[in-house]
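In what comes next, subunit A is part of two complexes: it sits with subunit B in the first one and with subunit C in the second one.
Right, the complex of A and B next:
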């Protein structure tokens, strides 16, 4: 899963595909990248951040100290909250928090797209796929952001485009 | 920036250490307990860093990283990897271990042993390095983050396993840093790990990492469980089209029951003539009954819907005196008011009559004679108040006084408006004749009583049958049962009044029938006024299903007293099969009140500029079914804009537009794929629900089905994107045709289903789609009723958006508040003191001109606004613009006054401004 995602990210960044393997950790798997120089790198956000630097697109990691910290915070949120959400309630909590957070934002961090947008988009894709139209309307800010990111050039890759309805059709969600 | 740490929260250690090491200008706030600092997180999350520009950091590693970065350091790949490892691997294991030790009291060595995998990973990573640190040869954020996590549990390097020498050395080195020691003593106060107990106890039990759940796996949406058979059946029904469906029947008067067919007689509670009905009255009876009547007609059942004004009684006499008219004149006046209101709301009575007719007298007296003959009437003397000045007994509303229960000073003779209790007029304290204000005397008067105890058994037997076979709403059953349970008492059926049906019995000739005996007979007499064959409905052996619609306060009269009279008359009268009673509709947060001018009354609805169908829709949407509900302006706006405009209207309009734009107004060929068939099945399921609900008179629920269908339709269009397909290759164009064809057929179906609720909109859709007469029929299945090749007409939007400003000004206008509050006082006074004949103009004036003036001013404002825009557009001279702007501002001010505050704004001023 995570490896597939990193391959998509490589394509999105215009990099050649690297050598990946997975290491078991608990019941999950952690991706490992074999780098040409130095030791291998372990972990989704570590590898993703490394790929961005390789592609010379550091702006995707944020430009100021503050933005960098925010980007990394949301990468951690992705791997330790979104990926670990197991029950419907966990998922609801994640969507609720994100929906609230994105209320006044176009991107997760700063005013441009960052790695945080990309990895949260990848991580949420299966969640959003499973939402009903009504739920999508409930998490309207997440939906707006998601729809925006999936249409951002290069990001979506192999993932199917999800449908959002522009008009609100449920009255109870206001 | 502000750093918030929680008392006894172990995550505070690392952020405090990082702050001391690298941060400048950070203000540390210590919170006694977990508080919500990060506005977008639903749960409190500490530690948190408020960056004071709207951004927050709420994960402790991110806080540490930020401090580290802001001191000019960079975070390398390896540091990233440690931070990620800490978050994903170490932290979950540590939380569980700390919890086990501190809260569950497990031994420290034991829980540290459970961390051995993580600890030896650390130990091994430190091997072969020249420096004692995790990354490179200096202290980095990685050391602080990992150390900070471990510290609350480990505290002392000696707790670490003996063999992990490097780890122990590293731990000791970091612990000895001055900043780290400070952080520790700040948070732990040398109290050991037990300081974390109160915090940890409030946390959910951590899941041990081994039980780490899988991620990103979600069950599919619980879509309505449609079986393959359902889908196939829906496809078959679709293909069959309207062949075999019944043809719409014409309404030919007089409508009479037909042997062997379903015959439905519908009544709605007769509105009392002396008042203008408010929205609650309208939804409670006439509108609800109208929806059902229209539905019955759609089903081709023989349906007769009758209603009329209830005109006899003390209230009419009082009102007549107030307005200086005769009771008959009052009835004529208000009957016309009622008729106009119901016409505007598009209530489809087959006949709207009144109770002051010869038939009423004949039938009521006949029932009375029969009851008398069968010995179901008793005579008794009653103590009553009599005004010697006016020479008459003071029934009910002719007397006012102090309520014996709550001491309210203006209680009426029959009921107290304040506490709502029923009052026997003689129990009033300090009674006063309402006309001459003198105190009345107690006198006894002879009256006739209906012997309900004697009829009780018969009634119960019949009720049992009706309850089991009919659709009584649960409140109707409940109220009726509680009446029977409390035991029935004889009830007085005569009154010392003049305005009523005369009692045809010597000794009682100066009396009339009490309204509750008289009024329900109105249903029969009104039918008699509609057709001389009324007995076919009311005394027939034919199967007639009788439905009474009302608000719950009317239930006992329809379920106990009226049936008792009819049973006692032994004349084969049709008895009620179904009582459909609503709860109450409130207005915003309170009650409708005519005297306080709160709420929208029937005659004002049309002045709002909101079409009748929108009113109907909203009232039915919030119909108090099962529990009280409330009318709310903002909700009305919301429902209009979301349900009608965005959902229903949008779908119907798009479906029609696609046909018009892409297929020259001609319904295209349809070739159904499996997903189309699935949709057909979904629509069919909703349609089935709709029919089931309406057969049981669950009006509000059935309306939801309509909205669900258009929701399905919107999704269908959105997913299939016919506007894109139409530009594609031949196959895609075909697809666009199918989707459009199915959608426009859904719109056609919706138009029929909508008819009971919004007859005008329904007609509009049918007109736009040029639906042939025979297709305007309600089917049990969703079938193709607009075949390919059918030509549709011009499509235009069905609904208009309601704007906030508009709704706000309406809310102010009908909110009671100061405007009406100020008016109430003088009105009440004039009512009591001034001669009656001056009453009418006084009462009417403010109500009629108030809204008009507002409307006038609104137009003025709009006009002036346009003028200003025009001038600005033309770049006119500044001084010219300024004068016009001043005028506009003055007008707006005046409008605000007229809408909200001033009781009497100068009326002429607005006109001069032209």
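Right, the complex of A and C next:
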């Protein structure tokens, strides 16, 4: 999963495909990138950050110090909360967190797309796929952000585009 | 289309609702559509309209490259939810007329704020109509029926058959002219006209009574049925 995601990210950044493997760590698997120079890189956000620098698209890590911090924070969130969400309760908490956070934001950090948007989008894709129309409307801010990111040129890659419709039949309470 | 008056709280509310599931006014990138709506606002929306405020802050970040954003600026009335009428008056005259054709609200009344005067006039007319209706004598619904009565064979006495049929007396039933129509092989059927009051006589009852003369009548059909 994580390896597939990194390949998509490479394509999105316009890089050639690297050599990946995955290593079991604890309950899950973490991706490993074998680079030409130096030791191999371990972990999703480490590799992703490396790829961004490789592609010379540093603005994806945030343009101000504050944005950089926010991007790092959400990359961490992606790994420690979204990837480890195992029960329905965990998923609901993640969605609630994000729904609240995205209420006044178009992108996760700042006013441009960042690595945090891309990786959270990849991480949430299977979760959002499983949501009902009604749930999608409950997490309206997540839905809006998600459909925005999936329509952002180059990000979606192989993932199927999900449909969001605003149902006006029942009263929404967001 | 349109948001109504974007300087009023109602217009802002429409904008807020519209932006709940959208990041931009049109599509997925900032465009002149956003600039047009942005410019129409008098300032940042209030904090409780967080969708509108989020969008406002986001578009504000494009301030410097405002003119280089893609798209062509259209009149304000061309943006926003489809079911809201444009009140900005910015749409060109001809497009407005077109809109009128499209926006027929089938379920809404055309003037929601009915004033006292029109209400009074309407009630007056209603009363007049009621009075007129009560004066009119109730119409009795009648039907003219043409019956085909068929005998068993050519030996059936048609005069006797007609006599039998005409002997049926019911309230609201009047027998009319009759004639014998040849069917073939010397057999003739009786065609007889009658006028009935719909409420009192039904064709079922009629058929039952006529076919009761089983010695003469083989079957009976309604050839024609006309409301008078």
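Rule of thumb we're sticking to: the second predicted complex is superposed on the first by the 167 of 174 C-alpha atoms of A that agree within 3 Å, B and C clash if a C-alpha of one lies under 4 Å from a C-alpha of the other, contacts with A are read in each partner's own complex, and residues count from 1 in each chain.
Keep this in mind: contacts are C-beta pairs under 8 Å (C-beta built on N, C-alpha and C of every residue); 3 or more make two chains touch, one makes a residue touch a chain.
On a predicted model such as this, the values are computed, not experimentally measured, just so you know.
Participant: Of the two partner chains, subunit B (first) and subunit C (second), which one does A:111 touch, if any: first, second, both, or neither?
Facilitator: Once the two structures are laid over each other on A, A:111 reaches subunit C alone.
Participant: Tell me the contact category for A:103 with respect to subunit B and subunit C: first, second, both or neither.
Facilitator: both
Participant: Who does A:20 touch here: subunit B (first), subunit C (second), both, or neither?
Facilitator: In the superposition, A:20 touches no partner, neither subunit B nor subunit C.
Participant: Going by the contact rule set out at the top, does A:152 touch subunit B (first), subunit C (second), both, or neither?
Facilitator: second
Participant: More residues of subunit A are touched by which partner: subunit B or subunit C?
Facilitator: Of subunit B and subunit C, more residues of subunit A lie in contact with B.
Participant: Just which bits of subunit A does subunit B share with subunit C as contact spots?
Facilitator: 103, 174
Participant: Which of the residues in subunit B end up touching subunit A in this complex?
Facilitator: Listed in rising order, the residues are 39-43, 51, 55, 57-59, 61-63, 65-66, 69-70, 75, 77, 80-81, 83-85, 87-89, 91, 209-221, 638-639, 642-643, 646-647, 650, 710-711, 714-715, 718-719.
Participant: Please give the residue numbers of subunit C that touch subunit A in the complex, ascending.
Facilitator: 20-23, 27-28, 50, 53-55, 57-58, 61-62
Participant: Flag every residue of subunit A that touches subunit B in the complex, lowest number first.
Facilitator: On the subunit A side, the touching residues are 1, 25-28, 30, 41-46, 49-50, 65-66, 68-70, 72-73, 76-77, 79-80, 82-86, 91, 93, 96-97, 100-101, 103, 123, 126-127, 129-133, 163, 165, 167-171, 174.
Participant: Going by the contact rule set out above, which residues of subunit A touch subunit C in the complex?
Facilitator: Contact set of subunit A toward subunit C: 103-106, 110-111, 140, 143-145, 147-148, 151-152, 164, 166, 174.
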